[in-house]
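Two complexes come next, and they have one chain in common, chain A, joined by chain B in the first and chain C in the second.
Let's look at the complex of A and B:
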């Protein structure tokens, strides 16, 4: 059959109503497909009484009970000012005025940090140091600093060992100026971040320079600006804001040390930097001008790792202090970052110069130690915010095996699963050969476990003496809690101590 | 306030979201644009450097977006109608053009497939 109109002139087709509606009639009636009588329509001629309900729901109306819609709350509720909620979330409270002051509590000093008689005691962090520790963001918001009168940490075995190590590096003995490189792992809540905090506190007491990366994830989660390093290196990326904030952390925390040291080298990349200027001013320069922050950081690093001045500038040179570098949440640096190249390919974290610099420190230096003036690299993993990266796990096992002296060709050396699609860059970053310099330690993995029963007892006594725990702390009771805390996992012990406070109240 | 392609954006807005305000720029296109000029995804409009604003404007002005794109879509529909294809017919009749059932739920097609199609 031939169509009644021409298809090619559809544009001129008028739109017609799709269904021809029946003409409205005076009498209400239902649609044609309804055979039942219309029951629920009221007679339109009757006047509606106010408040009288209709007989029932109309066609195709829901028959379930209708809820009244809530009216939007009147008044213009404005959101809190920008940054306020985050500030509240990240707030760190270090003191609880309701907690009792612990009498006879000793502070962390050069003497107490190596005193093995104090093992198991809680040492308070010196008050003037708190600002420094805050500046390097050593405290984390979820740690339980806010329940005690003043912040303190347990002197456990690992802490004492570290104290002795720091003492030797700063001292005059044969270990002076050695560089220690450790990756700190351990189960959840075992105190890895607090171990880093203790390291920072000890470094501050020993007048070291402290560089910290409090949250490794922040560098790779694409929340700070980035850009190509230079035209020669289009595949390396620099993060100016992140570098500037690293410089500002370092500057605030190490002000007294940096203000005494002077620039003793020529830095061609920075025309404004003159020899004789203090390192404090050098760092300030990078904080004020983020565009040059990476060059400033490199200059600062070169100055701090210098063992002697360049010729002609000897009068500006004073011996440089050891350096402590801590990174928390290392696993985030072992995969592609959230940043993208111009071709929209993901950028590997190792292509960010910031990350690359700190990872390159793990490798032994070519001619001299990576930290020629001594110091420590403490890179901790995290278990609460931890991407699972197979290559990194194997790399850590390999580091441990290599440190134990297992030959990489030996059958017991940890091998990769050939079908696992490993990230060769991750493995490569942890391959460290025997250091050429005697001053440089080999990379090792330190696993932090639970505290011993004695240390647990000291910790619980601290709770009791702070007035948070109303129990008789004896060996039996501590043993029970030690077991409940998974063999003295210190975070769990703290939770038990807190919970008992509520039960006793 | 920052002008990108002649449109004024408040400084507190995300760049990624602001770019999606243009007809024809969605999530992927905006993400690609950002990576092209090394702008991180959480960057606010106020944080953009002058050069980046100019680059973005230049890139957007090379793209077929806004009225050009609207015109193209309308032209495509018109061509379908004029060549008398099935899809053209469906557009003209105000019915779904992609094989959906028409017994119920064709509101969108009724609303959109008009003679004077608006975008």
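Let's look at the complex of A and C:
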């Protein structure tokens, strides 16, 4: 604190007799011999206000600069309601009213799905079918449906091949009623799940019955109830809620077909089921009473795979349609589940009857085809959420080799590394001999890669015509994006299409 | 690297060869002329490229009574008409006697003015000037000759006289020869080598500058990938939310009509940010009024800082929202700004109001005089 005396006046004052010194309270504010403005210091005798402190920190108070802390905004104390965040995460939006309507966009129909002239075009999914596809959970949240006016998929080479296959199975030719079994693999974002979606859409177009397992992981992650199947089979486990939801999905999606089919067999396990009732009502039993859902599912499966009625019930029998079964994320079924036995031992996924049923379909039937009325089994692997299972990888290689005709005893047949602790049950699940029935195809592995440049161009034009892409779509530009997308990986192309253009610097 | 040949310089070199001082040299070789010029350059101590010094004279001033050095000097350079006159003046009046030449000679005069007042000059003026004077069509607004020196030279060469054509052909053949040599030196170039890049061509930005700035400001704990994910959620929200209804009191900056905005989310975002960005800030400045008090002086903000301020305001305002996800909160706040509902507008208006009030302090100067006790 600066004194109002200057040094010279203090030295001068020292000479004066002590009595002459004025008391500190009587010191005039600012000496008269200064030319600078009088500065107003607080009167030391005045009592300070409690909050107001001048003249630096108090005794033992910190002297460093104190910074004000920003108070966190209040209101974070209450988290959002339960389930809101998950609902937001799982929300599927299929339409963006701001996007432009693509003129001349064709829908997926029986004619267009086999028309090779339309290859590379984006076909819209028919609006009435969207409810069915939603019911079987064909759409995934991050597939980018939400920025277009209406959902559509590219008609790529694999799609056209599948369309022809489905057409033959439903048709009247010699391929009628064949069963196709495929495991679909491919790199990340290559369109495996959308391929399954296209299969479902085609199956709905052809009036097949569709069973789907949209997330294989949900059955083994110990999030649904489970229990031993029966006293006779204490090592097999049934998941009633999961089965009920499968029945519910199937029921909603295939209502029109199931309501026209009738029970034509005797089901001793289900006393309430009478011959002559529709399959729709049969499925409803399982949905309403989850305790009986597994028995209902078995009855429904038996009815749909029947080729003829039991004696005496012929009047209730109409020919059954082909069946499409899709499973997404197959690798999760190839290891121990999160469920535990009463001894707290892990339960292998193959000990769950639900999983066991769908895996058993991959093996050829004993006397007749596993799908006697025809149909397709499409089991896709996942790469974004994928456990690494060595036995499964080898099993897939073996399936491919077997389908190519390599003898299992030949040296080039893929072998297991004996030190890698292989899971023999996984390998067994995929060992399929040559089917006895001519109507049944051998299990094969289909690898989905990138789309061709022409298909990429069609896809990019779809973006441009929807008003989402402001670029001149020519071969050069598409070629650049095709290369950037790892050789036409369609998920990467989709990302590039929705990425916003950078202004010229 | 192929030898670089300056065609422009080579062409400009041509008229030198037609100087009366060295008529035969022009017929023989251009290289000797160039060598001669180079030698002269070193002699005069004026080092520059040949193309700069060897220029054609366009004026038609008489060269009567020229000394050899003067002719050479004129051949070397093409001074402005009045510069030349000044130079002559200097020489004639034995420079250094202290008398300055006229301002006209010092600063230069338009040729037209000289022609206007000088009968002799008009008689000897170039043909183009004479034609123009004859036509008197100066009011038409368009000249039939070009004022661009470079283009004029090219035209002159193409429409030159036979003497011109001969030397042009000579140079053409030499150019083609050198070009052929350059091509031979760089095999493997099927087409022309690409042109030089402009200065900023190597600055390749992946994202729009505003997007990048916004993303970095969204970043928490250094997690850029998370911020980018949030940014894409925000852009998708802008893309799919209904077009903003315009509040006429607080409307966005002029741009496309609102129904078109969602299809161009980057533009939409830019308009939102720029509309609420403050133009000025208040700077606390001490020492203006004395007594240690500080006054608030408004100061303009650069564009990036303006945007930064607006983005900070928007993110801060979004903290008070109830949506469960951060990106959703920010996106909803952005739409609120676009529709004029957000409190960010008030912040901007407040900042501008204070700045207007602080305008009185702008004129003050910092006091330099200090008093010490």
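Following the convention adopted for this analysis, the second predicted complex is superposed on the first by the 417 of 505 C-alpha atoms of A that agree within 3 Å, B and C clash if a C-alpha of one lies under 4 Å from a C-alpha of the other, contacts with A are read in each partner's own complex, and residues count from 1 in each chain.
Methods note: a contact is a pair of C-beta atoms (placed from the backbone, for glycine too) under 8 Å apart; a residue touches a chain by one contact, two chains touch by 3 or more.
Note that the coordinates shown come from a computational prediction; the quantities given were computed from them, not determined experimentally.
In the superposition on chain A, A:311 makes contact with neither chain B nor chain C. When the two complexes are overlaid on their common chain A, residue A:146 makes contact with chain C while staying clear of chain B. With both structures placed on the common chain, the touch criterion links A:80 to chain C but leaves chain B unconnected. In the superposition on chain A, A:341 contacts chain B only, with no contact to chain C. In the superposition on chain A, A:474 makes contact with neither chain B nor chain C. When the two structures are aligned on the shared chain, A:96 is found in touch with chain C, with no touch to chain B. The touching residues of chain A, when paired with chain B in their complex, are 7-8, 10-11, 13, 15, 18, 82, 222-228, 237, 338-344.
Contacts from chain B toward chain A in the complex involve residues 12, 31-32, 34-43, 47, 78, 81-82, 84, 88-89, 92, 94, 110, 114-115. Residues 200, 203-208, 211, 235-236, 239-243, 262-266, 291, 319-320, 322, 324-325, 328, 371, 373 of chain C are the ones touching chain A in the complex. Those residues of chain A lying in contact with chain C across their complex are 2, 6, 34, 36-37, 73, 75, 79-80, 84-85, 88, 93, 96-100, 146-147, 467-468, 470, 500-503, 505.
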